[in-house]
Amino acid sequence: MNSVTLITQLTEVILAVVAAPLLMGWVNQCRAWLQNRRGPGVLQPYRQIRKLFHKDAVIAANASPLFRLVPYVQFAAMCLAAAIIPSLWTGLPFAVAADTIALVGLFATARVFLALAAMDIGTAFGSMGARREMLVGFLAEPALLMVFFTASLISHSTSLPTIVETLAQGRLAIYPSLAFAGVAFLMVLLAENARIPVDNPATHLELTMIHEATVLEYSARHLALIEWSVALKLFNYTCIGLALFFPWGLAADTHSLQDLLLAMPITGVKLLVAGFGLALIESLNTKMRIFRAPEFLTTAFLLAVLGLLVHLLLGS
Amino acid sequence: MTGHPTDLISVTALACGWLAIGLLGFIRPRSTGWVAHGLFPLGAVLGIAVTALALVALVQPAETLILPLGLPDLHFQLRLDALSAVFLLLIGATAAGISIFSAGYFRSGEGAAPGLLCLQYHLFLASMVVVVIADDAYLFMVAWETMALSSYFLVTTQHRLPEIRRAGFIYLLIAHLGAIGLLLCFGVMQGGNWQFTFEAMRAAQLTPVWASAAFFLALLGFGAKAGLVPLHVWLPEAHPAAPSPVSALMSGVMLEIAVYGVLRITFDLLHMQLWWWGLVTLGLGLFTSLFGVVFAAVQTDMKRLLAYSSIENIGIIFLGVGLTVIFHAFHMPLLAALALAATLYHCLNHAFSKSLLFLSTGSVLHATRERSLGKLGGLIHRMPWVAWLALVGTLAIAGLPPLNGFVSEWLLLQAFLFTPDLPHSYINMLLPMGAAALALVAALAAYVMVKFYGVIFLGQPRESSLSEAQDCGRLERIGLLWLAAGCVLLGIFPVPLLALLNGVSRELLGASLGSQLQHWWLLAPIAPERASYSPVVFMLSTVVLVAVVVLGVRLFYHGRVRKASPWGCGFPLLTPRMQDTAEGFGQPIRQIFEPLFRMRRELPSPFDTSPHYRVQVEDHFWYTLYMPIAGWVRRISSLASEVQQGRISVYLLYSFLTLVALLAFAL
Amino acid sequence: MPTLAFSSQLINLCAALLLLLSFAMLSQRRVLTLVDLFAMQGGTLFVSIIVVAWSTGQPHLYYSAALTLILKVILLPLILHRLIRRLGAQWESETLLNTPITMLAGLLLVIFAFTLAQPISQLANTVARGTLGIALAVVMLAFLMMITRRKAVTQVIGFLAMENGLFFAATSATYGMPMVVELGVALDVLVSMVILGIFFFHIREQFDSLDLHNMESLKED
Amino acid sequence: MELLMLLGLPLLGSLLLALIGRREWAPEANVLMSAGTFAAGVWLTAHVIAHGPMLVWHEQFFIDPFNVFLVILTSFIGLTTSLFSRPYLRTEEQHGRLNRGQLRLYHSMFQLFIFTMLLALTTNNMGILWVSMEAATLTTVLLVSLYRTPASIEAAWKYFILCGVGLAQALFGTILLYFAAEKVLGNAGSTALLWTHLNEVKGQLEPTVLSLAFVFMLVGYGTKVGLAPLHNWLPDAHAEGPTPVSAVLSGLLLNVALYAVVRCKVLVEGSVRSDLAGNLMMGFGLLSLVLAAFLLWRQKDIKRLFAYSSIEHMGIATFAFGMGGPVANFAALLHMTVHSLTKSSLFFTVGHATQKAGTQVMDKIRGLITSNPTVGWGLMLGTLAILGMPPFGVFTSEFLILITAMREHPWATPILLLGLGVAFGAIFSRVQAMVFGEPSLPRLPHPPALVPVFAQLALVLMLGLYIPPHLAAWYREAARLIG
């Protein structure tokens, strides 16, 4: 891995980290438009984070060091994920260190730490949130893994860049299995990023919230990091989706500069479209009861497995 | 027979050494100081020695030795090859940690005399070593049953409690059942020449039918010890009953010894492997793991929870065995080697992390005298050492990167990803289901572990008495540290160890991952572009990133912190009892997997003045399998007792009729 | 052989008598009469042994004849008489099987015994051929008697009758066992008789009756 | 000479103790006599090992490896039992369950019993064999009824009648044997019942007669072995007699009876070309094993429990002898040895336990391991040994028997395993409950004599791990003799 690839790797991560809140802002903006509101503008998340960073942190008296460590772990984990996921180009030296399975493991680690932190304070809501978070997780994770498996069975590899390259080169071959996988992935995405219909990021209504309940006790810089990593998570998932199902336009070799430069606007456009689509879905659906969530996720899991089977059956 | 079997002799000597230590306990059986601070550390040292020897033996050719003991025409045969070495490594390394912990753990005035415990404990260790190096059926059976017996006595240390007596009885009964299965298995495998050395069994040529019989008898015998469903019932009884170091030893080491037996018989002694054995094993393993993890999720006793989690891990291991058999049967040596490596690696992982967790529950038990999850909580403040070290074990069992549990699961999933290359169409339709189930199990394990750790160590203490809990002593810390270090190292440097494991796969399968492991830092079992994972880089970058972020935040902003009471969403008075209980945490699982359980509920009606709620989750197998058998025995015996009904005329009639019948028969 | 030698006829007569007596004992319910019958059986046995001894000129058979006379005709009946008087156990209570059926069973047994002894008596080169079968029959009838009776005393008498049958087999079929053995057997019989005598008193003092239905407490429940 | 000592000492002892049995030191005298007998046994054994089989006193006595190992076993267990009975009977006397007269009877009869056992083992004359078996019955009847309680009287009566009748059948069998033998050996007086002679000519003996003879002998001696369905006397006699008597009944009498059966089998197999004898023995063995195993579940009385376990193990040994062949016979002999050692030691511990508890009801005995660790551990280890747990010797013999069964008669294997499994569950569940748990018993006035227990268990343990070459060669020789 020479200096060039290293630089591209770093730029890719940094771009992701910087652009993540923007995507979040865009999605919220779109939702506002779809609901005939004016909306706070796409830069709102940045303001939010900046404001939080300046505040003094307030921490529950009986918080353990674990509690204060978690936001940093969250953020670090999401950055790592961004380093693995080919959002702009596929020449990612770091991707060697962690393939798709490791990626899923990474998300799981982040979730476990979040849940532990939520239980650390020992309020009713925290532990409830932790339980629900894990509940969503233990169904969503396998589904995500199965989606990756479908892709890697097609491309005979579990390393994400390789998968993407194979899929991109495949000159518009139709993969029915990927269709199933795609739907499953979309559902997982909604669940994992606490979007409607599984969860509602905008509410603090105790009985319905999942993700928010886990971070109730955080404030100031810790909350900022959490918010940021949440945005980054959404960004990562979107990029995974794009990479798996719309892999065209990612720069393959990292040496031709114009490829790299060309990749940015393409990805940008794709992200804008995806964000709008996400907002659209959220606006068209209503939040479901928490007890329905398992059914929703089981469906996702089954769809993913179905995709796998379809692939094995049709060999495509 | 390669030269002078120095390693083997020294291993035997070490086993005898453990035995000697046990006997030394009788010099001053009642003095805790002598036993705990004198003998147990010594035992730990021997454990380290065993580990070192095993590491040496892993790369050396097999050695054999014959002792002038045993049956007149079947002397004790010993053999030390790579497979034995791996499990010696497991025994030694784990035992070292557990012994040093026990040195601090055993207090005076608990159950039996410490000298006795010392004897039983070290007899247990020695017998496990002998099982691993035994090379004939008789010695194997002797060591195997000695292992069962010594562990039985250890389990029943607190024999004054009826449920512990019951647990011990069930344990020994099922162990005996398994032993009978093994006896039959060896009887089948001798293959006609009535030699009971493993040497002869290797040479024996069985027909597929008999080979299958042998395999499934072995599966029965070792499954009973490993806790394969439906022979698992003893496990959740015995593990909570035993003192924590013992449960650690049983769950962390003894179960893996059973796996050793399966591997030894399947790949070494039997000359053929049929693919459908693998399929059955794999199915059993999957069901066991799912069963185990789901039950673990609804437990309210921390040691029962861990016991069920052991069942889950055993399931995963047997799944690996099954996969290995399938690949081997279809002549895919490289993939078989991959699956085998995953299996062995998972054995090691489970040994370290599970014993770590059992030991930490032991410390918690000592500090709080409390086993039920409903009465713990917030211990991370009172006993930080235990809490932070237990966190390592928790994450490892949950199979999260970059710790060791993840490595073996990663390898297994990789192996699964190659099943489509199998020449058998509907297996490679089936196996992805396996992968899916494995993924589900792994995710559920994370759920369980969050419950375990969160309820015990995090949150607020649910009982006021917890506030005077003491952190564990120095020796215990050393033991925990040793095991935790094992977890981390196994997690971060898998490649060198896998390279060591190559010896085993070369010995059993005639193939190894050797060529695939040239970079010490990169785990790419098949090919880098196909799949790769580098825990070192992963770990380092995580640490670096966290550090960068922390520093960054400190640099650009400030580190000011105010303490305040937690925010209760405007709810005025929060009490510790409002935290999620263990039952609460298990509730979604109970709902989703309802048919797996047999539940007895006591739900309060809205009009209760003092509402109280109780859910008891039980095991279907107990009622559908074991109870009926017991019933049958009772019925037959009551029939038999009609024979002995007290009237001498009737007795005379018996002998008269017997006589007449025999005379008629003889004519 | 067309016509049996006189001695053989005598022995067969004795055999028939023995069989008859055992049937009589089987049906007899007065204990004292039972003892008398037993004594008569002993007498018949004695006669038969004398005949065998005389016809075959085996000296040691005379000793065993003497033994029989002393033991089975004189000593044991005496002891039994005194015991029964002392214990007041003259009457046998109801037998387990009523007499006709017992008889029928006895008959079947005799047939069985004969068929059983048939192949053996073919090889017998002794003066009397059928005796082994009869001896077997006597043993079995005694067995049957022990099964059907309810009193300790009668069971003992059955036991002794069985001994008689054995003795008869030993002497008539095989011209007597080696002397050592016969002495030993006789000794055993005597001793056992003594012990039984003691026993009757124990039983009496424990259960104040010799009825066996008191002794059915040891069993599996 | 050795033989004279061997047989003379116990006989002398019984007379002596009949005279001085009331003295304070009678138990010591008893021990002394038994020790002397044991010494004689060792001497005899040494002689046989040195010079091979011996035939003495007008061939009336015959010692070969087969019976000499039973001789030494018998004298050894006689010794340990006398050691055990010393404190045991003293305690009984203090509890007022026995008086001096009964003690005298006990001691004299004990010696006489040992004498009859040794006579039965060493004699060469099938008739004398029968006589001594009958005598053994008589002595043990007196021993069983020692307590004079209704139960003991009843048990003794049943024992007496059933075994008496049984032995009568055996006598008939002997007569038939003689009947067949004199055809071949001529009516030359006494030789026709000598086993050695019979063994030489067994090929010419009349098969039909011998098969009938065997049936009678099997039923006869089998009654004393305790083969189902002739076993009914056994549990009662064991449970109601004094514990030392139960120990010798299980440890010696059953062995000797089985020895008699095997002697007959050898003859019959030689004459009858079919394997009738073997099949019969195997059938009886399996039946006893299974029946006893299931009856074990119904037990409340601890001595009955172990009595049934004796039936079970005798069944196993009989089955093994029935199978025949070097390995099976070897295993059967080994099984006889370890069973007598283990079972007698078990009865010793049980004796102490019941004395402490003042009852034989298992539900009333709890927490032995706490109240009296040595007794508790003795009982626990002995039980595990008798259940065939490695590394104890019982496992060794059962292992060999099982593998032979698997080879020769695969159909029998599941039955054997069923029996063993059921018996395991039954015995272990009860013993565990007695050994563990909250203690319920006081301490004893006389310190229990547990040296025999642990000595015997140590022997059993050794046999499980290491069979000395001498012993092995000896067993092999015996197995070869049995054929």
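By written order: A, B, C and D. Residues from 1 in each chain.
Criterion: contacts are C-beta pairs under 8 Å (C-beta built on N, C-alpha and C of every residue); 3 or more make two chains touch, one makes a residue touch a chain.
Bear in mind that the values here come from a model prediction, so they are computed numbers and not experimental data.
S.K.: Which number of steps is the smallest that gets you from chain A over to chain C via touching chains?
M.R.: 2
S.K.: Ranked by contacting C-beta pairs, which pair of chains comes out on top?
M.R.: A-B
S.K.: Can you give the whole-Å distance between the Cα centres of chain C and chain D?
M.R.: 31
S.K.: What whole-number Å value describes the gap between the mean CA coordinates of chain A and chain D?
M.R.: Centre-to-centre distance between chain A and chain D: 80 Å.
S.K.: Taking each chain's centre as the mean of its CA atoms, how far is chain A from chain B in angstrom?
M.R.: Chain centroid spacing, chain A to chain B, equals 36 Å.
S.K.: Distance-wise, how many Å sit between the C-alpha centres of chain B and chain D, to the nearest whole number?
M.R.: The mean C-alpha positions of chain B and chain D differ by 44 Å.
S.K.: List, in ascending order, every residue of chain A touching at least 2 other chains.
M.R.: none
S.K.: Which parts of chain C, given as residue numbers and ranges, touch two or more other chains?
M.R.: Within chain C, the residues that touch at least two other chains are 116, 119, 143, 146, 155, 215, 217-218, 220-221.
S.K.: In chain B, which residues are in touch with two or more of the other chains?
M.R.: Within chain B, the residues that touch at least two other chains are 641, 643-644, 648, 652, 659, 663, 667.
S.K.: Looking at the whole structure, which two-chain pairs count as touching?
M.R.: Pairs satisfying the touch definition: A-B, B-C, B-D, C-D.
S.K.: Give every residue of chain D touching chain B within the complex, in rising order.
M.R.: So the residues of chain D in touch with chain B come to 157-158, 161-162, 165-166, 169, 211-212, 214-216, 218-219, 223, 228-230, 232-233, 235, 276, 280, 291, 294-298, 367, 369-370, 384, 389-391, 395-396, 399-400, 402-403, 406-407, 413, 417, 420-422, 424-426, 428-429, 432-433, 436-438, 464-467, 469, 472, 476.
S.K.: Once bound in the complex, which stretches of chain B touch chain A?
M.R.: 377-378, 380-381, 391, 395, 398-401, 406, 410, 413-414, 417, 420, 428-429, 432-433, 435-436, 439-440, 442-444, 446-447, 449-451, 453-455, 458-460, 522, 528-534, 537-538, 541-542, 545-546, 549-550, 553, 556-558, 560-569, 571, 574, 576, 578-580, 584-585, 588, 591-592
S.K.: Which chain A residues qualify as touching chain B in the complex?
M.R.: 53-54, 56-62, 64, 66, 72-73, 75-77, 79-80, 83, 94, 96-99, 101-102, 105-106, 108-109, 111-112, 115-116, 119-128, 130-131, 134-135, 137-139, 141-142, 145-146, 149, 152-153, 156-159, 162, 204, 206, 216-217, 221, 225, 291, 294, 301, 304-305, 308-309, 312-313
S.K.: In the complex formed with chain C, which residues of chain B make contact?
M.R.: It comes out as residues 641, 643-649, 652-653, 656, 659-660, 663, 667.
S.K.: What does chain C use to touch chain D in their complex?
M.R.: Its residues touching chain D are 116, 119-120, 123-125, 132, 136, 139, 143, 146, 152, 155, 159, 162-163, 166, 169-170, 173-175, 177-181, 184-185, 187-188, 191-192, 195-196, 199, 202-203, 206-207, 214-215, 217-218, 220-221.
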